[in-house]
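First subunit A sits with subunit B, and in the next complex the same chain sits with subunit C.
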Partner chain A sequence: MTAVDYLSLLISALLLAGIYAAMAVGMTVIYGVMKIVNLAHAGFLMLGAYFAFEMYDRFHFDPILGAVAALPVFFVFGMGVHWLLVRWLPKSDTPTLASLLLMFGLWQVLQNIGYLKWGNTAYSIFTPRSLSSIHIGEISLPKDKLVVFAAAVVSLVLLQLIFHRSWFGRSMRSLIQNPYAAQIVGVDDERTSRLSFGLGTAFAGFAGALLAMLYPFTPDFGPPFLLRSFVIIVLGGLESISGVALGALILAVLETFSINVPLPWYWHGWNSYYLPASYQPAVSFVLLVVVLLVLPKGIAGLLEKKWRVT
Partner chain B sequence: MAGNLVANFSAGRIRLLLPLLLLAVVLSLPATQLGPNVVRLLFGTAVWITCSVAWNLLGGFTGQVSFGFAVFYGLGAYGAALMINAGYSPYLAFLVAAGVAVLASFLVGLPTFRLRGPYFAIATIGVGETTRVIMNNLDITGGASGLRVIEAGAFRQLDHYYTAIVLAALAVAVSALIAHSKFGLALRAIKQDQDAAADLGVNPYRSKLWIHAIAAAFTGMAGGVYARYHAFIYPGDVFAFQTSISILLMPVIGGIGTVWGPVLGGVIFGIVEEELVVHFPNIHLLLYGSLLIMIILFEPDGLMGLLRRLLRLVRSKPKREHPRSPDPEQVVWGSSRAQGH
Partner chain C sequence: MKSSSQMRARLCGIVVLILLAASLGTLAVQAQDTITVGVVMPTTGREAKPGQYQKEGIELAIKQINDAGGIMVKDKGKKLLIKEVFYDDGSDSAKSASLAERVMSSDNATAVIGGYSTALGEAESVMPDRYQTPWITAGAAATSIFSKGYKYTFGALSPIVLLGDTTAEFLGSLVDQGKLKKGLKIALVVENTDHGVDYVNGIQGWISKHPGYFTVVLNEKFDLGGTDFSGLLQKVKTSRADIFLSDAHLQDYITMQRQYLQAGLHHQVISYGARGPESDARKALGQGTDYILAALWWSDKLPYPQATKFVSDYKGFTGRAPDSWYAATAYDAMRILAQAIQAAGTLNKSKIRDELAKAQLKGSLLPGQVLKFGPNGQAGYPFLVTQNKPGDKVDIVYPKDAATGAPVAPMP
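Take a look at the complex of A and B:
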């Protein structure tokens, strides 16, 4: 493998990291504020993909515009879900089985609705942009991936601004840090939770629409992305946006490099071994288990510890 | 008057007699000329009950929710299938299936039981999916295209039926024994407060490993029994996330942490799922999802909780002030609603 090969792998890993971060950040917001592991995230991603498809199919919306349009729609949808179901869950500082199962039930319902409406044939969104790419030297960059990456980065920056510059963002952060103290100083727990759930859902729908530009989708489209999102937020320490970006980058690099770079091993002299591509999904899960065991607070926790020591 | 009768029923020796009577009825059912289809349905239900009771040992009694029981079910199925294909007696194969599952349970448990509560639950999702991906790619088991189970001799459905029933009965008996033993008490202590249990001389890590191994043994045997009957297994079925979820769903429907709740859940899941798939092939996921949501929101203790409430109504004893307050279940179901916000 030449240096250019490595560089182009690195760039494609970076592009992948953008969409991974956008996909995982909705889960982080919900986990941070409500300590709910949102298994229905898979359902929201799937609906987001079909939303972009319908917008493209019926109104000839560019999928990027479809993704942006998904934000308000899924925001309202998420607030509705919170109002109808989530707010009745017992409050807790740690994820409860009840919340896991409730969100799992919701995911099943959403998936079934997907099957009823669209059947189980795989759809994909095909625009004139889909097959074209930009060439820089020997490296070629697919336009679709660039556009998706840009959209993901812009959305993350906006989210970061909301988090740090608005009253709503501040109340979310206070709930993440200490729900009791937040309520004492006058943060409306119920309202902030509802808005955060809406925000998390909006981002799931948005990311689903972006994913629809890159991958074919069926109503069973969510699970691999759900588990990846989960690995990412665990890597990122579960409740910070910059942690999510870092986690997404690590997962994307590992996934890209694990199957494209030969591993040296010794058997009658040095050999190289390519991990079969079919093992790629296992990378994230192995990473999940290892990270949970070694770094239960994620990378952010590790840095925090370092800072405290010095 | 009616109240007294009910009280006597539930308090007396009936506790032991009723299960035995039930077992006798179930064992003699095929003699009443049931069609092979009904026997097949009962067989499947018995396999599900075994898994459900096994999950409840870890998830219900000990409070360690696992999303990875398909690992043991699948490994048991493959272990038994390979043994049967090699020409061994199926009953020996089931023991091997249990052995394989127990080994796997230690492999999974040794690292993951260092994690607590929800983190353990999440790690088991990773373990389950990793196992499925590996089995999908493993050559000796036929990879994703699956494995045929070829047993010498004629197919005798009743053999399968009795095996499954005996296994389920064994699982229930072990579960009842554990529930009333000192070990069971230790498990409940771990569920309520792991640190307090450790202070009182319970070793949480070791207890969890043991109960995990027992649960895995039963789940593995159930997988083996299923594989022998089904004669064809593939990773997308026995290792599927859906299988783990089904195994978890049954005790939740029935009522986790009880001896009979998981049995009830297994019966309902086994029979109702079949009916649902037959009559509503398009919306059975939706119905299951909605059922799950309703149980979580309205009756977190499952059907046993509902029954208990009805029984209390019939007895019409003076009500306690807080019908569902300090309750060990709360430890799993989240801190009580009264907590602050």
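Take a look at the complex of A and C:
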């Protein structure tokens, strides 16, 4: 491997991190405020992908515009789901079995609605941008992945601004830090939860629309992304937006480099050996276990601790 | 009050008994007048599309048989209609196995057709011998399924090892024709299943018997349903191979080929095993699938009158042309089963199994025009090699006697 190959890998990992961050951030918002592990996130991603497809197919919207249009639509949809289902869940500081089952059931319902509406055909959004890349020397930068990366960065910055500069963001943060104290000082728990669920769903729909630019999709779309979203938010810290970006970057770098960089392995007599590509999915599982054991509050928790000490 | 509630309970009991008797009566009539054939296929999940095509192939065959009056069963002294009992396994191995068990036990199917894809077929294949029910897979071909000594397991697809061998043999013929140079380097990237393992064995087996033709410089596996192949494709790039051979299922083929093109890769030959001409891939990638080679069990370009008739019947049945090979193998699996039931002259499952073992479906749609099962239960007819051409065209390019166009190699 030459230096250019390593640079090419690093760029691939960076672009992948953008995709991962976009798909995980909606889940973090919902978990942070409501302590709900949103298994229906995969269903929202799937609906977002079909939304972008329908906008492209019927109205010739560029998929990136479709993704932007998905934000308000899925925000309202998320608030509707909250009003109809989620608000009846018992309040808790930790994830409850009831919330897990409810969200799993909702995911199944959404998936079956998907099959009823779109059948089992693998849809794709094919634009003139789909197969083209920008070539800089030997390095190829796929245009679609660049667009998705830029959209992911913008969405994270936007969310960070909402979190820190708006009344709603302050309410969310106070609920994340201490829900009881937040209510004592007048934060409307019900309203903030509803808006947070809407926001999380909006970003899930947005991410689904972005993913539709890169992958074929069926109503079954979502589970591989769901697993990675879990890893990212556990790694980054379950309630931190910047932690999500960091978690996505770490996972993407590990997944990409683990199979391309020879490492000394015990069972190969400490000789340098490439990890087979079929072990790539195991990277996220191993990472999940290690982080839960060593850093149960994620990287954000570790940094917070360090800041407090200093 | 008491007597009225007793009366109501009695009435309810009578109604339940009547309904039970009626349903038992219906079952008895059905048991005599129909042959239950179980079909377990994925029509949702990752393998939904090929599973749906296979289901349609089976249903077309059943419709044609039933339209002709059914299957003559000698010990019943009459023709019986086929009744299909269908279950969708959702592309889930555990569900696939339990549904195969259900259709063989609770539904008491005379025979079962199922198991699209190696992973699902492997899961189902443990059930036939347990319930002594003939089972034919028209979509799983890994050697591992047919090497366990099962007696009730049959496969309408030729082995994957032969698929790999045919691909390598075809590439060798391109070298002999001077289209490719001798000693080219191959990168092998296959799915992490027995399907992928068999494919690699087929390629490497041919290369070891024909030294000097090709060298394998990369042999990697990937997980089914992958989302990011950029790291793996970087390995392919670094290997500096001349030929890129993958073995992938439909969704992985689409995702990988898209990322392959985005990475700016180019090889003299590209193949994704038995995937290539599918319409979903061509819609998703446009010209990005041009010149891809595929080794297939069937093509609608085969110059057999029965193949032409099948294409027209299938169009009439579903409203569209068959997409790749999926429906044809399933159609013939149902036809050979019907032939075996008729030859057995009974619905006794072990007798049907014995007839299946020696059955020969003449006038088969598949290459060679005869479908029969080998001693291990698996068919062994030759493969076709097709190539996608610009303008959504697909040509058979190998073997020569079935070719509808010349192979384009190296890729432009």
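Assume the second predicted complex is superposed on the first by the 290 of 310 C-alpha atoms of A that agree within 3 Å, B and C clash if a C-alpha of one lies under 4 Å from a C-alpha of the other, contacts with A are read in each partner's own complex, and residues count from 1 in each chain.
Going forward, contacts are C-beta pairs under 8 Å (C-beta built on N, C-alpha and C of every residue); 3 or more make two chains touch, one makes a residue touch a chain.
Keep in mind that what you see is a predicted model, and the values were worked out from it rather than measured.
Participant: In the superposed model built on subunit A, check whether subunit B and subunit C fit or clash.
Facilitator: Clash - subunit B and subunit C, as placed by superposing on subunit A, overlap.
Participant: According to the stated criteria, A:115 is in contact with first (subunit B), second (subunit C), both, or neither; which is it?
Facilitator: Both: A:115 reaches subunit B and subunit C.
Participant: With both complexes overlaid on chain A, does A:276 touch subunit B (first), subunit C (second), both or neither?
Facilitator: Touch partners of A:276: subunit B and subunit C.
Participant: Between subunit B (first) and subunit C (second), which does A:184 come into contact with in this model arrangement: first, second, both, or neither?
Facilitator: neither
Participant: On the A-aligned overlay, A:227 touches which partner chain: subunit B = first, subunit C = second, or both, or neither?
Facilitator: Only subunit B is touched by A:227; subunit C is not.
Participant: Identify the partner contact of A:145: answer first if only subunit B is touched, second if only subunit C is, both if each is, neither if none is.
Facilitator: In the superposition, A:145 contacts subunit C only.
Participant: If you stack the two complexes on chain A, which partner ends up touching A:136: first (subunit B), second (subunit C), both, or neither?
Facilitator: Neither: A:136 stays clear of subunit B and subunit C.
Participant: Could you tell me which stretches of subunit A are touched by subunit B in one complex and by subunit C in the other?
Facilitator: 115, 276, 278, 281
Participant: So in the complex, which bits of subunit A are touching subunit C?
Facilitator: Within the complex, subunit A contacts subunit C at residues 1, 5, 8-9, 12, 15-16, 19, 115, 120-122, 124, 126, 130-133, 135, 140, 142, 144-145, 214-216, 218-220, 224-225, 255-260, 274, 276-278, 280-281.
Participant: Would you pull the subunit A residues touching subunit B in the complex into a rising list?
Facilitator: 37, 85, 88-102, 104-109, 111-113, 115-116, 179-180, 183, 189, 223, 227, 230-231, 234, 276, 278-279, 281-282, 285-286, 288-289, 292-293, 296
Participant: Provide the residue numbers of subunit B that touch subunit A in the complex, in ascending order.
Facilitator: For this pair, the touching residues of subunit B are 65, 111-112, 114-115, 117-119, 121-123, 125-127, 129-130, 133-134, 136-137, 241, 245, 248, 252, 282-286, 288-293, 296-297, 300, 332-337, 339-341.
Participant: Going by the contact rule set out above, which residues of subunit C touch subunit A in the complex?
Facilitator: Contact set of subunit C toward subunit A: 43-46, 48-49, 52, 91, 189, 192, 220-223, 225-228, 230-232, 234-235, 237-238, 250-251, 254-255, 258-259, 261-264, 280, 283-286, 288.
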